[in-house]
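Labels run A, B, C and D following the written order; every chain starts at residue 1.
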Amino acid sequence: MKNLKTQLSICILFFVISFFSAQAQISNDLTHEEAMEVLLAAKKKAEDQGTKMNIAVVDAGANLKAFIRMDGSYLGSIDVAIKKAKTARYFDIDTGKLGELTQPGGIIYNIEHSNGGLITFPGGVPIIDENGTVIGAIGVSGGSIDQDREAAQTGAKVILE
Amino acid sequence: MKNLKTQLSICILFFVISFFSAQAQISNDLTHEEAMEVLLAAKKKAEDQGTKMNIAVVDAGANLKAFIRMDGSYLGSIDVAIKKAKTARYFDIDTGKLGELTQPGGIIYNIEHSNGGLITFPGGVPIIDENGTVIGAIGVSGGSIDQDREAAQTGAKVILE
Amino acid sequence: MKNLKTQLSICILFFVISFFSAQAQISNDLTHEEAMEVLLAAKKKAEDQGTKMNIAVVDAGANLKAFIRMDGSYLGSIDVAIKKAKTARYFDIDTGKLGELTQPGGIIYNIEHSNGGLITFPGGVPIIDENGTVIGAIGVSGGSIDQDREAAQTGAKVILE
Amino acid sequence: MKNLKTQLSICILFFVISFFSAQAQISNDLTHEEAMEVLLAAKKKAEDQGTKMNIAVVDAGANLKAFIRMDGSYLGSIDVAIKKAKTARYFDIDTGKLGELTQPGGIIYNIEHSNGGLITFPGGVPIIDENGTVIGAIGVSGGSIDQDREAAQTGAKVILE
């Protein structure tokens, strides 16, 4: 009798867990609130750096979710930031790491010609949740490539906090 | 005692159901097996009609998942079929119904100029699962608009069977 | 002594130039803080309406300044919202009013083919400052055209408050 | 009598023309059934490899004939797979071999800028029939370049079996 009750409790527990994980996973995607948090964290980092950035966040389908262009930043960086975010999600990779493979003689030389144009230097970073699932990506452009990457990483990390 | 066992059985049943629905819902998206079923059902309908079709299936992110061009069908219908599928998912609507709103004087006249080109006559249909969630879309081009729509609807319905 | 006077003159010249260029920036263009205020006011209105919107803000140069896509809104509305904002700034006009002129027989029939695609139904509104200068524009897409226009107007008005 | 001879001549002429044009269709192009066989053989190979691939098949005119994106494969590989197939047919060559010629200093440096974007690393393979005629091509993207090439070759070979 006791065993049965214990089994029942465990069973209910599993049911509740699986129910809520199902709920959580329904979209397997970034919410717009999360996208704004990612974007604002990257913007805060840019302000600390003293840089003027374009910051783009895309969702799991590589579609634009949030964007901001800081005053005085390069106009040409609008498209670079968006393409960095898309590239990071297209191949679930830091765009700088991708770029190491696309150099002359590299195994995927000139892949930049696909998907309407890729950007393969640092500044694009996948956004990964606590389950290790890629739920989107962030792209930053306007500073040095190290500053762009640092700001992008700062943004992406917010999801794990 | 009997009640407890019954409860346990029901509980396990719920657990199993929620577990599998969780599995199914993880991506909230069409699998490639489902995409192929949708595509082949539309192709079968085209064969019954005696038409030669281009058939495209996109996923929840409006990204291409499966495609076939039947022998002798129009080359120009490749892009039309893909755009019909994308349009149906972009706005979660039968492309023919969208087209009623885009005519001269219509409330969204000339929306076709967005998204790299939309197709707003019949032949694109959202793919909806048993929960009412749009998990993708199908686009068919090559016959009359009525035949295109019929083949697309036949494909989309497979998901509910 | 002559050197000192020359230095002073150069110094004053720089001051005057920087003063007027500062003026130019202050009055002729949207800041990113203002763009975010416009965007969030439109988002608040969308929440009151119970609609799911894509909201884009462009600056005086018609370049993207801020963007958000609300969860569950149409994927196809990303581009529509951005194009509405650009169209409103390209011609400094409510996109719905522009659309009255682009119908068959209209004086600028099919102008939508220019500029990589225009959107000429309601939802795009110029952002005008207290001097009557157009400093940017907002585009909203996802609800009915009346809801889109209302949300866009609500956003644009924030600049005058 | 003269009329009859003329009619007979015309009739024979039509027969000859239709015979050769039939021949042309039969031997020079992939059928959709063949395209599906090629695609499914490559997919089977991907499953054996444990990779998640995007697979595209184009016909003799370099136009898309069949496509599948396996679940969980890169979104960016949709376009890469299609461009590999097109590139292989555009120049009737293994895309990896083409890439050896497009490096800096190479004889066709940066040819990737043509045709709306080429992909010139391994994974695209011409489909050749038993007469040595190129009747189409296959492009595979999602694994390592060696896995992509292996899956593409496996697909292309099906036509000779």
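Everything that follows uses one rule, which is that a residue touches a chain if its C-beta (ideal position, glycine included) is under 8 Å from a C-beta of that chain, and two chains touch if they have at least 3 such contacts.
This one's a predicted model, so the numbers in the text were calculated from it and none came from an experiment.
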Exercise for review: Between chain C and chain D, tell me the centre distance in angstrom, where each centre is the average of that chain's C-alpha atoms.
Suggested key: 46
Exercise for review: Indicate the whole-number Å distance between the mean C-alpha point of chain A and the mean C-alpha point of chain C.
Suggested key: 27
Exercise for review: For chain B and chain C, let me know how many angstrom lie between their CA-based centres, rounded off.
Suggested key: 35
Exercise for review: Give the residues of chain A that touch two or more other chains, as numbers and ranges in rising order.
Suggested key: 27, 61-63
Review point. Looking only at which chains touch which, which shape fits best: line, ring, star, complete or other?
Key: other
Exercise for review: Identify every two-chain combination in which the chains touch.
Suggested key: A-B, A-C, A-D, B-C, B-D
Check your understanding: If you look only at chain A, which of its residues touch chain B in the complex?
Key -> 1, 4-5, 7-8, 11-12, 14-15, 18-19, 21-22, 25-29, 60-63
Revision key, fill the gap. In the complex, the residues of chain B that touch chain C are 61-62, 87, 89-92, 104-105, 107-111, 113-116, 118
Practice item. Could you please specify the touching residues of chain C with respect to chain A in the complex? Key: 31-32, 35-36, 59, 61, 63-71, 75, 78
**Study point:** Residues of chain D defined as touching chain A within the complex
**Key:** 74-77, 79-80, 83, 99, 102-104, 110, 112-113, 117-121, 144-145
